[in-house]
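One chain, chain A, links the two complexes that follow: it is found with chain B in the first and with chain C in the second.
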Partner chain A sequence: MIEGAIWRKWVYFYLPLALFLLFLLFPFYWMVITTFRPDNELYIAWRRPNYAPFWTWNPTLDHIKFLFRETAFLTWLWNTMFIALCSTVISLFCGVLAGYALSRLNFPFAGSLGTMIFVTYLVPQTLLFIPLSDIIRNYRLGDTPWSLILTYPTFLIPFCTWLMMGFFKSIPKELEECARIDGASRLKAMFYIILPVAVPGILSAGIFAFTLSWNEFIYALVFLSSPEQKTVPVGVVSELIRGDVFFWGALMAGALLGSIPVAIAYSFFVEHYVSGLTGSVKG
Partner chain B sequence: MVATAVQTVPAPHTPEPRWRPLENEGWLALVLLLPTLVLLGLFIAYPFVRGILLSVSSSRVGVPGEWVGFANFTRLLSDPIFYMVVRNTVWYTFITTIFKLALGLWLALLLNRNFRFKAFTRAFILLPFIIPTVLSTFAWKWMFDPTFSVLNWFIMKMCQWKVSFFGLFGIEPATSCVVQAQFNWLGDADLAMWAIIIVNIWRGVPFFAISLLAGLQTISPDLAEAAAIDGAKPLQRFWYITWPLLLPVTMVVVLFSVIQTFADFQIVYVMTGGGPANATHLFATYAYQMGVGTGLLSQGAAISLAMFPILFGIVIVQLLYIRRVETR
Partner chain C sequence: MANVSIRKIHKHYADFHAVKGVSLEIKDKEFVVLVGPSGCGKTTTLRMVAGLESITEGDILIGNTVVNNLPPMDRDIAMVFQNYALYPHMSVFDNMAFGLKMRKFDKAEIKKRVDNAADILGITDHLTRKPRMLSGGQRQRVALGRAIVRNPQVFLFDEPLSNLDAKLRVQMRVEIKKLHQRLSTTSIYVTHDQIEAMTLGDRVVVMKDGLIQQVGEPLELYNTPANKYVAGFIGSPAMNFANVTIKTENGAVWAESPAMRIRAPERLAARLAAHDGKPAVIGIRPEDLLMANGTSPELTFTAGVEVAEQLGSEILLDLKVGTGAMVASVEPTVRVKPGEAIQLTMNPERMHFFDAKTEAAI
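Up next, the complex of A and B:
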């Protein structure tokens, strides 16, 4: 704690914290205010005396209407949701099984397989996107949601596996052994005894995987080309900028509305998300 | 009814010895790992091999190339833009990591206290990390717009306050505040780099703060208390107790972040697209411009792969470090 006079607490604690919050949250405030600001107020140069950046007295829904009427924004939202959910489910399925095998079973090469999966966890998407785009084209998956549903697990599975390994290790072995003595097969013990206990870990991995796939950009940018197949990030980038013209109001509206689903998902599972985040680092 | 009930008494069931491969740990492990291995093999290992093959051929989009050896790599060595890319990426990674670590640690120490709305604050602080980077980067791009920048407006206001303050003492400024605040953020090579660095720091600080906070919470407060009783000042307590105990978490977080930052794409793609005049290109954006923008697949694959040795080195360091911590 900070000892001494009350002003010390303000100077060393509240002031820095307030500045951090301002720095971290101001862009979101800016997004919101731009979304509801009419165009004639939006495009006032900063040096003009009537530039009033922080508030508007004439809020408008024009930008949001533009987004829904002139672009395929709803389709993008749906695509993103569908792709994120499918790839999360696939990754959870693979990650839970693999995490169980690597942390609970004795078999040759268990250690080196674990290390291999950890290494793929560290492979950034930007290392492989060019050969992957070639492969996607050869498999004739280009411009379909499946190109992303199948490739997103490559960065989600290692993470889910890693997280679940840590989680399974914390469950005592005796729990499983009791069930085995009572005559349960290995699979039964896993599904009925261990998995129910591991639900918090699965939730953490799931919510983290969901936000990661909602966030993904470069694969979606390279693999998808037609407007009605795009995800929100790619759609906003490619359809709301025409040449040099930026539709700033609509862009910010798109950014805001595209962030809301993931923010809601996050707000329901903050604790799980945080334990996923810290677990993903510690392992 | 009674008669039928008597007749259906089941014969004692004798279980036949079955072949149950899933009771064997090795087989079960193989089955459980199979989906993971198939997906990772198809979409990581195979693309990696394919990438190497691409980088030693002369493929373009739609044109299968032929073997050209290391020509793509030697061309990079004589490409002035590539040197700029290497310099940019190293500088970008270095400077953002320093700032993210310093600010993240500071924020973690602030959050490690008890205060009202703590859970609330912590949840909000993570927002830059949750919200899709491309979308939040657009908010920054709009804030950096040369004509409508709220940042320039803010700098102008600060300057005007300063001028009116000095005006009380009769000191007149040399240039007007409008001129002083005239920053063309994304049009000037140096400023554009700084703008990108700021956005990356903004996005990365929450990750550092929350991870380090988790590390801080595992350190028993008794240690700091004992040191305080022995007369250690706050700075000494941090340097001799908190920092060494936090070091393992810090190392892992930094290495993670270095890998992500080194291979960063989204922020630069949205903010500048590599411009002005290629001054802000990183490996990934340059590879994208070559491989996808111009369609020179092989050249792009070569640029991407040029990241590999450095990333590989970082991964090795991380593995060695984790092993050392685990065996200790």
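Up next, the complex of A and C:
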């Protein structure tokens, strides 16, 4: 090994990595520690003697119990899961088909259509919810899960379409041509050859879409009003901040429990997910 | 098995005329090679036969059926691609069985055919593996296997050996040849490598700029090229060319340039006489340049040796002739040094003349 290479690696690689991890993980740590810290430690002055802000010797489950007993947290969790899954399935279905068509079928204006779909993704949600709320009201969908299941695809489909377009382009077109010579129709070639090969891309798009709809705030805030219809992000914020009183412990417990399903989804598919992003298909 | 007729086919892309009226009759059991530089339309022609590109104009018949509007699956063909195009998520067995499954063969028959093909190609041990676990040569064998299990009417090969290293390419070339001798399936093979074309083809089709330059058996192309392009394309090292002027004197025809004055052979004299006083191109292959022994001064010229490449079985001499360059392939016993001026004689039986303007053979 070259002399000095070890300390170089520490200084230029491990140290920045450690700082970055610290920066990245601290909010999560804060969330966890606040969840388990009793109220009498939470609402005290920082400079009090013997106060350890980064640790607690009296962990408690009070906040979690409060969350389950005093709020409709389980209902929110179920609502969020249902809405996120439905909108992800709809968006994936449309996104995969659209992405395939835009990248593989050479029809006129395919390129400009792709760009237009991308442009719709760029319209900010903070503008789009105004006309959408009008539509939701006209179809009497307000305060139902369908108001979100049908509006989330407005930003999820363009997203999935673009991700899948890029992924389909990385699959050699000979695979499909060979399948078609082997006796498969275009549809069969897509189902037997292209989709199985595109699984990493589909999984990435799915995880992204799921996370985006799981965390979505504005539409959920605008379209849902009764507490039992709410999703986790909106429910936690609207029910646990009463006026200027912040129920910090329960808020953090809600955030922690709300992020666990997403974390599980990520860790479960992480390998596929990484290869999906790098678009590696090996013959 | 079937014959293939390609009748005056054209392919227009938006702003590019890729294939300009190609006609070709391929007999049953024949192995035809399309060869030419990239962009010459050979691959486009093959893809039109496969049904992967639409035909702008003209007809393609497989057997006696016009297949212009048939989708690839209904043409009863098999194609081997340059990048193998193996299905990465399937085992070798499933890769080879896919076409049979799509055509609803029963399981026992599929197994029989795949095992048989795997046996022919020597990949029986790899049937359960995924393509990514195989080497380049093995992958190409699987691709060949996938083509032969279906027992199609026509095999199409699109530069199947281009991704292999030089040694493996020679080996697989021989295997493809053996395979054809064994199965006798009508085959169309596209390559840019003239050696592959010469060694594999029953007939070779040389293409350039979307047009067929010449169709013939390998030696026919080598010995009697139809034009300067074919002459230069077929053969390695390539044929030497020199610009000359044709002059008729006392019944003899001479090709003259500042560097040489060569008497044209009798068999060409009559045709060359028509070009009296006009520019032409003389073509001679490296092995047809002999060290002069003083017997035929009318076929001899002087050249300066620039580099002598010892190949063991022969010596390649890079020569300077006037302002041009030539390559001569001489006996390994010849002793010459760079910078030396030598006398070379052309073999009169093997001289070629081309029209300077049309480049057609005279």
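Brief remarks follow.
Operating definition for what follows: the second predicted complex is superposed on the first by the 251 of 283 C-alpha atoms of A that agree within 3 Å, B and C clash if a C-alpha of one lies under 4 Å from a C-alpha of the other, contacts with A are read in each partner's own complex, and residues count from 1 in each chain.
Here is the rule we use: a contact is a pair of C-beta atoms (placed from the backbone, for glycine too) under 8 Å apart; a residue touches a chain by one contact, two chains touch by 3 or more.
Owing to the predicted nature of the structure, the values given are computational and were not obtained by experimental measurement.
In the superposition on chain A, contact is made by A:P172 with chain C only, not with chain B. In the superposition on chain A, contact of A:A184 is made with chain C only, not with chain B.
Legend: residue contacts after superposition of the two complexes on their common chain; A:W146 is shown touching neither chain B nor chain C.
Shared-chain residue A:T115: touches chain B; no touch with chain C.
Of the two partners chain B and chain C, more residues of chain A are touched by B. Look at A:F66: by the touch rule set out above, it reaches neither chain B nor chain C. In the superposed model, A:I193 makes contact with chain C only, not with chain B. In the superposition on chain A, A:N215 makes contact with chain B only, not with chain C.
Counting contacts by the rule stated earlier, residues 185, 281-283 of chain A appear in both its interface with chain B and its interface with chain C. Residue ranges of chain B in contact with chain A, taken from their complex: 20, 22-23, 25-26, 28-30, 32-33, 35-36, 39-40, 42-44, 46-48, 50-51, 54, 59, 103, 106-107, 110, 113, 115, 119, 121-128, 130-136, 138-140, 142-143, 145, 147-150, 152-153, 156, 178, 181, 202, 205-207, 210-211, 214, 249, 252-253, 256, 259-260, 262-266, 269-270, 283-284, 287-288, 291-292, 297, 300-301, 304-305, 307-308, 311, 314-315, 318-319, 322.
Listing the residues of chain A that touch chain B in their complex gives 1, 13, 16-17, 20-21, 23-25, 27-28, 30-31, 34, 42-47, 51, 53, 90, 93-95, 97-98, 100-102, 105-108, 110, 113, 115, 117-120, 122-135, 150-151, 153-154, 157-158, 161, 185-187, 211, 214-215, 217-218, 221-222, 232-233, 236-237, 246, 248, 251-252, 254-255, 258-259, 262-263, 266-267, 270, 273-274, 277-278, 281-283. Put simply, chain A touches chain C in their complex at residues 172, 174-175, 177-185, 188, 192-193, 196-197, 199, 281-283. By the touch criterion stated above, chain C contacts chain A in their complex at residues 50-52, 71-73, 75, 77-79, 81-89, 98-99, 102-103, 131-132, 139, 146, 150.
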